[in-house]
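Working notes, structure below.
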Amino acid sequence: MGAYYVALTAFLVLAAFFYARSRAVSAVAASGGGVSFHSLPAYHGLYAAMCVLIPLLLIFVVGSILTGKLAVDAGLAHFPADVAADALKRGAALREIENVISGHGSAAGNDALQRAADAYTSMRAIGGWTMLVLGIATAIGGIAHATGRIRPDFRARNNFERFTQVVLAASATIAILTTIGIVFSVLYETGRFFFDPALKGKPTITQFLFGLEWNPQAALRADQGDIATAFGFVPLLTGTLLITLIAIAVAGPLGLFSAIYLSEYATPRFRAWAKPILEILAGVPTVVLGFFAALTVAPLIRGWGEALGLNVASESALAAGLVMGMMIIPFVSSLSDDVINAVPQSLRDGAYALGATKSETIKKVVLPAALPGIVSAFMLAISRAIGETMIVVMAAGLAANLTFNPLDAVTTITVQIKTILVGDQEFDSAKTLAAFALGFVLFFVTLMLNYIALRVVQKYREQYD
Amino acid sequence: MQSVEKGLSMDMATQNASLAQPLAPAVAAPSTKVVARDVNVYYGEKHAIKNVSIDIPDNSVTAFIGPSGCGKSTFLRSINRMNDTIPICRVNGRIELEGQDIYDPRLDVVQLHARVGMVFQKPNPFPKSIYENVAYGPRIHGLAASKTELDEIVQTSLIKAGLFNEVKDRLNDTGTGLSGGQQQRLCIARAIAVSPDVILMDEPCSALDPIATAKVEELIDELRQNFCIIIVTHSMQQAARVSQRTAFFHLGVLVEEGETAQIFTNPQDKRTQDYITGRFG
Amino acid sequence: MTDLAAPPATSIATPPRRLSALMDQSRIRARYRSEARFRSYGLIALGLTTLFLVFLLADIFRNGVPAFWQHHVVLEVTVPREAVTVDGKVDAQSIRAADYFPITRDALKAAIPGIESRSGERTLVRLLSTGAADELRARLAADPSLVGKPVKTRLLLSDDADLYFKQPSADISERAARGIATPNGTTGTVTILSSANDFADDIVRLKQVLTARLRAVETEHARLSRAGGSDSVLQRLRELDEERKELAARVSAPKVAEDLNDKLPSLLVAINGGLVKVTKLEDIRIEGEVLLPLASTADAAPGSWKIVTYAVPASNRKVSDQEVAFLERLKADGKVESAFNTRFFTAGDSREPELAGVRGALMGTALTLLVTLALCLPIGVLAAIYLEEFARKNWFTDIIEININNLAAVPSIVFGLLGLAVFLNFFGLPRSAPLVGGLVLALLVLPTIIIAARAALKAVPPSIKEAALGVGASHQQAVFHHVLPLAMPGIMTGTIIGMAHALGETAPLLMIGMIAFIVDVPQSFTQAATVLPVQIYLWSDLPEQAFQAKTAAAIIVLLMFLFLMNGAAIWLRKRFERRW
């Protein structure tokens, strides 16, 4: 029914546009050019289209919600009273109804279910037809309204542009809605994780923040002993930090020196070759880097480590960190490149005039001047590394070891979120909610890093503008 | 030095006046087109235009002169409410176009723009064909009922702008490919295509070489017959050459306004005299 | 500095100390050396980065390119009429429904005659993929007149057999024998006697292998006993101890006869058109199992029979000696053919590596990206227009601005959480569907597109807009008629880059369940589907070695798409770049 309605809406909107426009064209022709019309015929057409589109969309949204609710009520009326009250039973009953309707399940031998399914379908059909009829009536009304206003002094353009303005503003607001969506969904589940009294095995905030053991699986084995300690966040934090540290240790110097060379030494020809290399690296999907890390880098490191007589885990933090470092090199280098280029030439000239060599100028003048920008570039890179998922999912381990040995396997926040949420989940277990708590931490940390970094860069830009 | 300059300006002004004589209609004084009373413009905190009142006659060229930052462009842009696009800009006072208050909230700015055309400092043709450049205005205002009518409007506008003979074979070439002077005349053609009542010109020759400038000035003088033209210019010589009336602005204040010949030969205000004689500016 | 601090009078009287050119030589040299060093750091950094990229791409291509080819057995197969008859009719439908397993089995048995044992037969049939007859089936269905006639067709080999051909092993070596050999049978267990001590070298080599292995076991034992500790380590130590004793016994025993097993290198004798796997070894005599039947028990002249060694023990290989024997025989008969793996692009996912393809994932990706594009291009452009052209500067637009900048840096997995909590749980949209994937990705790339579109709009000079306003266009007309069209190339470039980003994104899609094993190619926006990056992730996790190559091949496909998209973006930028 939805598809019919959308198609009908599209048709009516187009019809309104063309009808009103042709009416306006003939009105202009009838006036013989003697009276000047405020708006072009096309705008009268657009105004009419708008008069049809807005109410039809409203009808669709309200109608769909209402129909859905009425249909569910009608269906559930054929089940015992307690079904409608209990959320779980309600869900199960609805699934059964849907299965019967879609033909996946059969209602053979269950009259009540068959009747429920019938009631459900017929209510949906009634709702759908009502919407269609209502839609057509409204559309005709809209067209009549719009064509009635085809007069020289009617400002169809201004009216339509006011509507466009609202659409534009609404589009910009979606960005805000996304953030609100993220904050609310994550915050809500996090709140339940810590405070929902019905939740078994939830930790306190202190236990979560300072617990040294992470074992979400334990919570599934229900109420046995002191299982809340299984949600200790510390090993995940250290694991994440360890891998991030390795990544920055790789990407920091490589990215920074690349940026310095590219912006201060390289000839334009060399830049034309080197920049695309960094851009290609930046464009490699992380799942590819993860594959490479797990399949090639990790065994290599293990092999070298064993040749040196070291015990290297097959999913060592080092392998994941190294590859992640490679991932963020282009990031560090392009951001540093920007800030180094933003340092005014006059500062460099001053140093050269004193007889400084190029490297002395860079070390003593350019880098100190660009320092805030470089620091924020590093912060952005760190935030990127903390939030990266696929490389660590594929190359780092699952075991939450509390260690700083880069040759050991560690796990990270993102790995745990992925592990917990992939596959079947119920929304009422502490384990699932724990993933949202981790997501909240991740969101908060990266947002802070990013916000501070952007502010620093902004301040820095203003300084030299 | 001073006298030489003065003499030169006067000479030019008289010459101009004599040139204009046969062209001017037999009717005595042209009617007033634009009336401004106590106009104030603010940019945020800055008081850019202070209590300006002026009457601008039809079928003549009025020049606004004054040193940089004196507010002449700002005032020009408040005559067609171009300042509305600047969020921090506020205008109060009253400006009337043919007796109608242009700051009346019921008035549609867009229609005002159609009645008060504008030519900018730098030639700014659309990066489209020459034809499209001129046809755009008539099209959005629904001035042509058919393609032939539109062709006619484009052609007459280009002819009036003195550009038709130069571009008639390449109306489909892009307007940005013309020379600077041609581009500016194209912009003038574009402005007159919607047959406005008033044409505002904001230093229309400042980006042009002397030859192109001469052509544009010639054009302005011709257009005077059909339009009320207001021109902002940095060059006093240009004001003397093309305008019938001149208004001198200084620090946001309209210092003096009158017949061009009178302003250049016999300024009433000390500041006007100092500016014209090159004491500051 | 002290010079400057000194009172001016004295500094005029006694001129400041001048740098003596001679004195300064060494200092200057040191400074230049430091300059060169600093400069080289930059080059080294760039070099390492480049090296990494080259290594990465080379590794992917080396792994992935072979997966674009597959080995088949080419046989002449006759499909009997009755095998494809259903209800007395032969049509495309009955042909598709028929069971081809017995037909392909018999065809393969005919290709290698003389296999009598049931286990040999089973091994032979297992060489074929479960989808071996797909091509035959398709050809017959397309042209039912071929039924009953001999058809030359390609039968797909199993992944292990395919891999055997793809990784030509340097471990197989053969040499001609010196003596006259006499086999005592043609099938079953046979003994072969040589007139020379042809096998003495093999015994020596075997002893070497045993000695080397003994040493390896001893080192491992020593390492583990140092590490000590847990039960599993102790268990492993006990096992090693056993192995060490056994090996030590065999190494020290006299070199008369040796038994071979799957844990030792394989030794094969090719004689009289057959192949014998050696189980017992003496200087001049072997005992073994017949893998391929011998033509006769006639004496074989020196040089006409060969001794083949396969250094990798059978227990460490995916293909047994018997399978190697069959495969080599088929190859020698010219019946093995390598062909471009079209199936990789036409099939959906499968548990069998040789049957798996990326078509389903490609379709899922296309559907998902379509949703993403349809949402984020209009919304992104409209939002950018609003912010750049119409928004008044106030706290609300400030918040939107900050928000968009920060949203661009939110980890992608968080968007997955949003999708899970809002789209799946709150709105009840279907799991694993391209619709939801597209929604999540649209939110993810929206900031990128808004930022790019704003930059493109900003790059259009305001004089164009003023010109339009000057002739009486409304602000919206000026923007939609003039500014937006001029900004479009920039917006498209930004959009393509955003879509490329979405194409490579994996993590948020895992969250909304686009990770299921889906064989069918998805057809609609609400069907369960997976996308290419997720398919890569799924395959990379599978144990079969052949999937590793498939993963790399899928990565190559993904990289090609990314390459095309970025190329298009660069072309657009170059083609429509406009300097104002």
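Going in written order, the chains are labelled A, B and C, and every chain counts its residues from 1.
By definition in this document, contacts are C-beta pairs under 8 Å (C-beta built on N, C-alpha and C of every residue); 3 or more make two chains touch, one makes a residue touch a chain.
Note that the structure is a prediction, hence the values are computed from the model and not measured.
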| item | value |
| --- | --- |
| Chain whose averaged C-alpha position falls nearest the assembly-wide average | A |
| Label of the chain whose CA centroid is most distant from the centroid of subunit B | C |
| CA centroid of subunit B to CA centroid of subunit C, Å | 70 |
| Rounded Å distance, subunit A centre to subunit C centre (Cα mean) | 28 |
| Intercentroid distance (Cα basis), subunit B paired with subunit A, Å | 53 |
| Residue list for subunit C, restricted to those that touch at least two other chains | 474 |
| For subunit A, residues contacting two or more additional chains | 157-158 |
| Of all residues in subunit B, the ones touching two or more other chains | 110-111, 140-141 |
| Partner subunit B, residues of subunit C touching it in the complex | 392-393, 461, 463-464, 466-475, 477, 481-482, 486, 578 |
| List of subunit B residues in touch with subunit C within their complex | 80, 82, 85, 87, 109-115, 117-120, 122, 124-127, 136-137, 140-141, 187, 190-191, 193-194 |
| Parts of subunit C lying in touch with subunit A, wherever the complex brings them together | 31-32, 34-35, 37-39, 41-46, 48-50, 52-53, 56, 59-60, 63, 223, 227, 378-380, 382-383, 385-387, 390-391, 397, 399-400, 402-407, 409-418, 420-422, 425-426, 443, 446-447, 450, 474, 476, 500, 503-507, 510-511, 513, 515, 533-534, 536-537, 540-541, 548, 551-552, 555, 558-559, 562, 566 |
| In the complex with subunit A, residue positions of subunit B that touch it | 108, 110-111, 140-142, 145 |
| Residue numbers on subunit A that touch subunit B, as the complex places them | 28-29, 33, 37-38, 40-41, 155, 157-158 |
